[in-house]
Amino acid sequence: MDSTTNVLIVSAHAADFVWRSGGAIAKYVKQGANVHLVILSYGARGESNDLWNIEGQTLENVKAQRKAELEAAAKCLGVTNIEIWDYQDYHMRLDEERMERLVYKIRAVQPHIIITHGPRDAFNPDHEAVSKFVFDASVLSTSNGVRLEGTKTAKQAKIFGFEPHQSEISDFKPDVILDISEVYEQKKAAMECFKAQKHLIQYYGYKAELRGNHARRCSGNNDYKQAEAFSRFFPYVGCEFV
Amino acid sequence: MDSTTNVLIVSAHAADFVWRSGGAIAKYVKQGANVHLVILSYGARGESNDLWNIEGQTLENVKAQRKAELEAAAKCLGVTNIEIWDYQDYHMRLDEERMERLVYKIRAVQPHIIITHGPRDAFNPDHEAVSKFVFDASVLSTSNGVRLEGTKTAKQAKIFGFEPHQSEISDFKPDVILDISEVYEQKKAAMECFKAQKHLIQYYGYKAELRGNHARRCSGNNDYKQAEAFSRFFPYVGCEFV
Amino acid sequence: MDSTTNVLIVSAHAADFVWRSGGAIAKYVKQGANVHLVILSYGARGESNDLWNIEGQTLENVKAQRKAELEAAAKCLGVTNIEIWDYQDYHMRLDEERMERLVYKIRAVQPHIIITHGPRDAFNPDHEAVSKFVFDASVLSTSNGVRLEGTKTAKQAKIFGFEPHQSEISDFKPDVILDISEVYEQKKAAMECFKAQKHLIQYYGYKAELRGNHARRCSGNNDYKQAEAFSRFFPYVGCEFV
Amino acid sequence: MDSTTNVLIVSAHAADFVWRSGGAIAKYVKQGANVHLVILSYGARGESNDLWNIEGQTLENVKAQRKAELEAAAKCLGVTNIEIWDYQDYHMRLDEERMERLVYKIRAVQPHIIITHGPRDAFNPDHEAVSKFVFDASVLSTSNGVRLEGTKTAKQAKIFGFEPHQSEISDFKPDVILDISEVYEQKKAAMECFKAQKHLIQYYGYKAELRGNHARRCSGNNDYKQAEAFSRFFPYVGCEFV
Amino acid sequence: MDSTTNVLIVSAHAADFVWRSGGAIAKYVKQGANVHLVILSYGARGESNDLWNIEGQTLENVKAQRKAELEAAAKCLGVTNIEIWDYQDYHMRLDEERMERLVYKIRAVQPHIIITHGPRDAFNPDHEAVSKFVFDASVLSTSNGVRLEGTKTAKQAKIFGFEPHQSEISDFKPDVILDISEVYEQKKAAMECFKAQKHLIQYYGYKAELRGNHARRCSGNNDYKQAEAFSRFFPYVGCEFV
Amino acid sequence: MDSTTNVLIVSAHAADFVWRSGGAIAKYVKQGANVHLVILSYGARGESNDLWNIEGQTLENVKAQRKAELEAAAKCLGVTNIEIWDYQDYHMRLDEERMERLVYKIRAVQPHIIITHGPRDAFNPDHEAVSKFVFDASVLSTSNGVRLEGTKTAKQAKIFGFEPHQSEISDFKPDVILDISEVYEQKKAAMECFKAQKHLIQYYGYKAELRGNHARRCSGNNDYKQAEAFSRFFPYVGCEFV
């Protein structure tokens, strides 16, 4: 985790990257890694209920609001490389053209680590679609028969899946519990940028504490305070037990 | 993985530790880790078919033969701390007294890493019994209400499960694929100590190559040649994605 | 849920019933149900780490302390029918004699509802043993060939499993999310009786809030504040969709 | 289950709603609930084998026949609100336009309960497609960012999945076993409207008896005679154990 | 399936072999196979509810009744090699001595096929215990280090598991669906020997019809009328696809 | 397995049928079965990495090379009925028109056995898409409401799934282990036609040996040398235990 590490986060909606990997992002930025953030949609249809409760609301305005919030949150985490692809959400349609766009992006970033939605997410069909979309794009990006002008084949990145909102009914198994104690204040600040979603700020605050408890129990290390959990898309490969 | 790392391997029978973790052991020894090996039985009843095919064979002789072989194999891997508990196998009876003995051992070794049988092993009831036995002992060893004269509560070790002989019908999922290229010759030498089991020497040789292929595919690192696979008993906890 | 409803809770250790079903218990007591609590052990060996950190601690003293705490907690919840069977924990040995004792108890109580540990609980072998023990006893209690002097065969109770400490790595699936908003203060008071376990008080406080969030999301009912989750041992049977 | 309860059934083909939920429907109608039935196709291609065995058969005629049968069956069950969307089956193509149509329907009905195909159905790809289609539509219907002229956001309905034809090879787990004894004669009459499918009439008659046996065994209530089984799409949420 | 085929059935209680494999047994007997039946208990405690409802009932009488019934049933199926080991049921205690007895039996029979309880059976702890007991004995019987006077090591038998009473809540997956049409009348006659269990006679009659439907659907062969389902303990091995 | 047996293999890319079922194919051809091979793509984009490493490579040339290799390999196995549909791979788009084409093919071949990709294949989205595509086409082919000029409804074929490259992380369970010892030299020759993929030739050589070991262990038959593993799409149905 230093300036030679490239990280790509792909977030289905405006705020997913904050609730589920804000701590991880802040850590990697802090250590000097090259962190790239792709946000596929503003979540205007599916994740902006509170904004639509305002009389006379318009799509443009919802998007503008979400944009301001997510940029503020990204700033708290220290991320500066952000692309917003502004796709429609709820349902998100992810065709071959969009697939190619993501393959381009992966080949441009050459990520060692990709962080995105895990394969199952009860109550959120977009998250499941994005999970498969990113995984498939990652596979295509490593194949040099997939010829894209001006790109260089990527090496297989490690892929980590967000913890979904309702873990157990989404078959989520935590493979990685990441200590985020040292950057937790940044994550908190980032979460608070989404003013219209107070209940989620509290919710993900509690989650971080519970995962901190698990981190201590599984490791015997009592320095861990807050943590985030992720699934792996395939096994750890390496030179020692970790 | 250095001289401050304590490793405990618990093997149900005489040769399990070689087929399934010989490479891992050799690596840890090579890096100066403190490696402790507990062998619960000689496998005289369940894993010495070839020896029993010899006319006039006796239990004493089978045990002596297995002892010589396993000590030779351990030597190839560089392990010197070996205990053979000489329990009867097929079925292995693991009562509270034996549990207490293992808790003592864990507290004496204070392992950071425990390597033993994974929870499922088709065709081998002893392996399944030992897996639960070791896990439970590890939990008890961390509880300071389990009062054992002269012992100090252990910190929760990371526990890794061997790949069983028939992986898929034993529900084995590889969580960790460990590169053993640099010590593979040692593992081969260790395997060859079990002269009466030629078919297994070849079998685990092929396995190491297949796992090497997976290691390359999952990581994009073509330096990996041979590998061993393990399951995790609980999630990785740490400060960065690995 | 009224004075014709019999409920039996079986708790492996002194505090399990509070962390995991304190809200459910308080509700049933409040509505006038007949609530019976069996506590199999004081958890002196496995769940009293903090007490054993005190210099010169003795087993008698640990038990006395746990007894005082659990009785205070039960009082907060309004339960008066309590039996403490004082078995050794870590490992809990559950033989045929103890099985018979529980069959007697079930036949005496004639429960409509049994609440106990679910089948899997990572890091806690006692909880898993108790889960099977209670289930088997419940089956035996309904069979009138299991002849026990002075008892009357029970009808098959509905059985609900506690949410374990680390849900996802224990394969826990929430089948029932029970609103405990109206009795949450009682549960909090009960939890606070276990003074030496501050971290768990906070932990289960957060859990109640998260489960409250899930309750709202799954039902669309925003009155739910705190909740507890349980698994079912077998399907719901009834006259309408619930 | 009274006149304030809104129920929506979505059936992939002409007869699915009868075989798999005829009893449930009859019960809800009988108690005065508002029951709405959407039939997505006549099953002309995939579930009308017997009709196509007739020399000179035409698609129009098959549809007419299926229409007559399903209307007769619905009448037996007492349902009067029926819509037939007449999509092609085998394969059923469920695009965004059709999704929007179902969101409209859900918002119009404002169902408390939705009954449709469960997520897995071996040998029937349409049933699996419809299951995801209905679930996603139900999620979209609750999101007020999904703006549809003249509609009002729905509250999250409880969703129940039909038992598929071959339960075990479709990973079906019965979460709810519904007693249908009091309306079983109606279900039988409804099944008999599908004259060309005698083998299914017998088959689902036997199923009802087996599920009745399970209902008695799981509850200890011997009044249950016939029953239907369903899966849940997410946990039960409520104020007491059921 | 001829006079060179040895079959061993191990039944936990008096009637299990009839409900769950009566058709299979009758077929093998009819074709001249050597069929051996071991019945571990009379099921006096767990599966004789109706008998115990008779005033003044005694254990001896229950056993005598069960013995008469099972012998009559075996006769209907044509089995003459029957051993009743008369163990206590509910709970069945299966220690090392009993294990050794079964290893002896397996080595005496040298079965090509073993039929017994599958690994999971909701509501019946004995069935689960017997499943593991038989599997472990089969493994031990093939190991020539397990020295038993006067025995000859067995070859690994194929092992098939009974369909449990409540298939789906017991995780039963049918791997083999066996056509029993030609011997179904014999099975029916055998079932009718258990006069006190009318409800089960009807239940397993319906099951046979449903499994017959599945046999037709999966194979396209309409000659199949009634069938029985079994799980496999390990993969089919052979020279062609079957 | 004789001249009345029709077999259809559907391979996503040029070489899949060789690595994963070359032995099965050679056996069926040798016994005189009618073996038909459909190859959906040349794998030019996803499975021709080595060819693309050559300076100035073109798509036409890659396809020509793959065509020559696969035809040579098919010749080694003795297959003469080959169709190459030349679809684009990585991603393979399988629409209703292509589905209809496969239904035509199945109805023309009237296969008793279909061999294709199993449902899960980590790292290869095309394989998963083809698995569902073939299964759905097989279901449609049996339905006589799916009217296709000049075709005759097929009987339900048995369907077997290839072992994927990384079995365990693809949830592969071997249901069938097929002895290929007598044709192994043919399979080896066929594999060697894919000159640019030396690592796979070695890899699938080792796999065949490991599966041979499993075949011996599961059956006790020591004549088995090399083997291939397959999953089943639905249960075995037949007249005896196999």
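Per-chain residue numbering starts at 1, and chain names A, B, C, D, E and F are given in the order in which the chains are listed.
Here is the rule we go by: a contact is a pair of C-beta atoms (placed from the backbone, for glycine too) under 8 Å apart; a residue touches a chain by one contact, two chains touch by 3 or more.
Chain identities (UniProt): A, B, C, D, E, F = LmbE family protein.
Here the structure is a predicted model, which means the values were calculated and not measured.
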For the homomeric pair chain C (LmbE family protein) and chain D (LmbE family protein), should the interface be classed as same or different, according to whether the shared residue numbers exceed half of all numbers used?
same
Which one, A-B, C-E or B-F, has the same contacts as B-E for more than half of its contact pairs?
C-E
Dist(centroid_CA(chain D (LmbE family protein)), centroid_CA(chain E (LmbE family protein))) in Å evaluates to 37
Separation of the C-alpha centres, chain C (LmbE family protein) versus chain F (LmbE family protein), in whole Å, is 53
Where in chain B (LmbE family protein) do residues touch two or more other chains at once?
123, 166, 169, 174, 214, 217, 229, 234-235
Which pairs of chains touch one another in this structure?
A-B, A-C, A-D, A-F, B-C, B-E, B-F, C-D, C-E, D-E, D-F, E-F
Partner chain F (LmbE family protein), residues of chain E (LmbE family protein) touching it in the complex:
1, 24, 27-28, 113, 115, 142, 155-156, 158, 160, 174-179, 214-215, 217-221, 224, 227, 229-230, 232, 234-242
Residue set of chain C (LmbE family protein) touching chain A (LmbE family protein) in the complex reads 123, 165-169, 172-174, 199, 202-203, 206-207, 209-210, 213-214, 217
Can you list the chain A (LmbE family protein) residues touching chain D (LmbE family protein) in their complex?
43-49, 51-53, 62, 90-91, 93, 122-125, 169
Listed in rising order, chain C (LmbE family protein) residues that touch chain E (LmbE family protein) in their complex are 96, 99, 132, 135-136, 139-140, 143-147, 234-235
